[in-house]
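The following pair of complexes shares a single chain, chain A, combined with chain B in the former and chain C in the latter.
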Partner chain A sequence: MRLAKNLRAFLRVGTVGALAYRADVIVWLLSTTMPLIMIAFFGAVTRDGAIGRYHEPQIVAYFLATFIIRSLTASWISWQINLDIRDGTLGSRLLLPVHPLVAYAAESIGGMPVRALGSVVIAGIMLALLGPSAVAHDPVIWILWCVSVAAAWLLSLLVSVTIGGLAFFVDSSAKVMDAWLAGLFVFSGYLIPVDLFPPRLRAVVDWLPFRYQIGLPVELMVGAHDRASAVGLVGRQLLFVVVLALVTFAVWRRGVARFAAYGG
Partner chain B sequence: MIEVQNLRKDYSVHKRPPGALAALRSVLHRKYETVRAVDDVSFQVAAGERIGLLGSNGAGKTTTLKVLSGLVHATSGAVRVAGHDPRRRERAFLERISLVLGQRQRLLWDLPASETFELHRVVYGISRPDFAATMRELEDLLELGDLSSRPTRELSLGERMKCELAAALVHRPTVLFLDEPTIGLDVGMQLAVRAFVQRYNERHGATVILTSHYMDDVVALCPRVIVLDQGAVAYDGSLEALVRRVRPEKRVVLRLTRAVLPADLAALGMVVRHAPLEVVLDVDPARIQTTLTEALAALPIRDLTVEDPPLEEVMAEIFAGQRDARRKAPS
Partner chain C sequence: MPRYLRLFLAQLRISLLVSAQYRVDFLVDGAIEILWTSTALAPLIVVFASRDRIAGWSFGEALIVVGFFTLLQALLEGVLNPSFVAVAEHVRKGTLDYVLLLPADAQFLVSTGRFHVWRSVNVLTAAGIFVVGFRELGRAPTLASAAFGLTLFAVAAILMHSLWTLAMCTVFYAVKADQITDVLSATLDASRWPSSVFRGGTRLVLTFVVPLGLMTTVPARAFLGDEGVLLPCVALLEAVALALIARVVWRRAIARYTSASS
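Here is the complex of A and B:
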């Protein structure tokens, strides 16, 4: 009950904060257009014939779904945590009777209503352009999609907290996050669907967390998996969530004990 | 209320000489040095006391406050605040304390302070009627006016500090740690903050530990002071006793109707300042009566005051003495 109240309070702050700079919202919308660029690129390529299982309508559906999933699951708090640790601002959060990770998570979701609105618009365009055949039809797959989107968001959050929390141990963790993002964009299916990778690389990618941050919910959304395959993959995604949660809490606990609260 | 036993805090600090080559070398091999910020500090504070934590820069004042508030973990020693181990940062502990760092803010930067107050209302689990009553009291004491409805980034430093204090006190803490609460404020605002802290302490019986480089803060608020030197306690006792110990002389200020010669003052005491119509003397307290009688008989006095030497001078003398002792100590 208390946790829910706290979450709601930070959620409100996050939403109000996200709207404080209207220009930021527009810049954010413009900066997440990479999937739309990939539609243009792959659309041109698939016009002369399919790549893998993708004809032009499928590739358009895939990257519109990518845009939606990225909007719903991205987490940028790594840079905030890195900064808070380095300049000592984390101290103010530690003084509140709410775990800072709860506050960071809620503030991260706070920006979501604005992004969700954009996602709804894109989903409408997707259905209008391509028709209902562009998305999965099985209600069980849609239930798994909901679980997968939540797990993808959690994974992104945990990665962000863990990498941000490395600033407890090194001078700055911002570059580590940049490196992670490079891996995410290449191996998650954000720029290239993972089933277009060579089989050996695909085998490796299946056991890296990147695909479960973006690619899997996208694949579920466009109906790329049957029930059995979807359950297996969502199970693996949840396993990544559990392992990463353990790592995150270990890094955080050890980090806070080292926190010097400089700058005060 | 607060018990500190043999507190020690070491920081590991990365050190490198200036220059590009040294920067490159530090990428491959880093040198760390252990700096002892707090060294075997022990003291106790009773409920409702107001204490000044004094010392030169780097003496360990802020680190001590950070350990007491649970922000920083001690290297060794035992600390209890309101019956809690601060390191554990239990909810019941965090609900009873507040730390105000003069150069650090808890207000949400892009939003009005009222958003921070409301956030604190929820996370501290304060009912709406209690919150409204507390805010009325804080608005009254701090004269907030419409400040809390303006985005924090648009407030002046003084206005922000008022809102910081309000945010820190929304949950009515019984232990208040204030680190340089008047830093950068104009004189009027300093007076307002001092008056507020005193009234809050008196009204709620809150325990207050304060660090400040403004001795006026300490004189106005702290009957007891703890002086830290290089992380260790150099003095713990009343402010009056500290002044008497370091500078036992009384300061006599004579305002004159006409100028006098230095020779006229020599027998009265040590001349600190000799202006045409004002003379400042340091006088042995045992001779104060005699000196005043002699001065009144011999000099054209318009009025006079007798007071303790300014605390700034007392502290400067303590810190200078500490520096000298360190220089003379065998390494």
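Here is the complex of A and C:
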């Protein structure tokens, strides 16, 4: 009961925070140019014929979907955590009646309505431009899509919290995040649909966590998988969530034990 | 030696000394910059595995564009962003006074105030990309075309410096306005592809309004030896015009500045 009340408070903080800094959302939307740049690039490629299973409309649908998934699931909390740990603010967070990880997660969820609004607009544009054939039609796939978006969000949050938590041990956890982001861009399907990778690289990408942060929900959304393969992939995604959750808790348990809030 | 050249070298020396204290960063920052360069290379490698040309460009030619894009990134990460982040902080804290009081041009001082030497590793990456690109094409650039290409890159550097100065001036008017540079950096990402990738209106905007096409595609074509004189002239004119506008806006912005602390 008390936990529920606390969580509600954190959710409200997140929502109000996102509303107060709504200009940040616009900046974020404007600076998410990569999907558009990739539409231009692959658009030029498909002018001379399809690449893989992609003609121009499929490319546009794919990258508008990456835009939606990225804005629903991206997490910037690692920079905040890095700062909290290094300037000692984490001390006051540890005093709060919920675990800091739960608080970070609740704030992230609280920001969701504002982000979802942006995504709905993009989805509207997508349907208006390309018609309903651009997205999956099977309701089972859409149920799996919901699971997969939630898992992708959780995965991004866990990565962010773990890498942010590395600041307990090293100074440059922000640089680790920067390197992770570069990997995410290349291997997640954010810049290149993973089915265009050469087969051997693809096999590697299937076992890296990146694809499950962006690519998988995008692929489900544009109807790239049948039910059987979708279930398999979402299962693998959930496996990644569990493994990463274990890593996150291990890092934080050890980190908090080491933590000393100088001047906090 | 002219006074401003001496000043420039002094500023550069200070930044070098600061960077030399953080030698491990050379490896870390360098590796991260190279990773980010791979985000421009990976799509090309994947697509050219099954194609000979994209929008009229072969793999080798497209690599030259990415090379110039990488040089721009080095300029951005190594010079422009560090300096301009410092300006935003000066304005917020009110410490810009100390810069304005110095007996030299303030715009020059803030633009050369801080170099992130290690983040300029991308100059080397770009050189590597040029070598691979020309090897792919099976020829070397002539001395004249190399000189032409690099001159046009200098013009691009002026364009970029002016654009960033204009963006930076907004911090004098609004608190979090330095985020505009984030949007600008994100827009700059469009210059990683040859401008013929973009169609119709977008291409016109990217050539004349936000002159990204002039900043990478034009130097690349010059380097490859097949650029005419029209677009280089446009680039030069735009660079001069933007530099003048940036100068005027900067003067107005600092006239408006009231130090917050004193």
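Structure notes:
Heads up, the rule we're going with is that the second predicted complex is superposed on the first by the 257 of 264 C-alpha atoms of A that agree within 3 Å, B and C clash if a C-alpha of one lies under 4 Å from a C-alpha of the other, contacts with A are read in each partner's own complex, and residues count from 1 in each chain.
Here is the rule we go by: a residue touches a chain if its C-beta (ideal position, glycine included) is under 8 Å from a C-beta of that chain, and two chains touch if they have at least 3 such contacts.
Predicted, not measured: the structure shown is a model, and the values here were computed from it.
Using the contact criterion defined above for the overlaid structures, shared-chain residue A:F185 touches chain C, although it does not reach chain B.
In the superposed model, A:V13 makes contact with chain B only, not with chain C.
In the superposed model, A:A150 makes contact with neither chain B nor chain C. By the touch criterion stated above, A:S92 is placed in contact with chain B alone, chain C being left untouched. In the superposition on chain A, A:A245 makes contact with neither chain B nor chain C. In the superposition on chain A, A:L208 makes contact with neither chain B nor chain C. In the superposition on chain A, A:L83 makes contact with neither chain B nor chain C. The contact surfaces that chain B and chain C form on chain A in the two complexes do not overlap at any residue. Chain C contributes residues 28-29, 31-32, 35-36, 38-39, 42-43, 46-47, 49-51, 53-55, 176, 179, 182-183, 185-187, 189-190, 192-193, 196-199, 202 to its touches with chain A in the complex. Interface residues of chain A, counted against chain B in their complex, comprise 2, 5-6, 8-10, 12-13, 16-17, 20-21, 88-89, 91-92, 94-98, 171, 257-261, 263-264. Residues 11, 14, 62, 66, 69-73, 89, 91, 94-95, 97-99, 101, 103-106, 108, 110-111, 115, 118-120, 122-125, 151, 179 of chain B are the ones touching chain A in the complex. Interface of chain A with chain C (complex): residues 23-24, 27, 30-34, 37-38, 40-45, 47-48, 51, 172, 175, 178-179, 182-183, 185-186, 191-192, 196-198.
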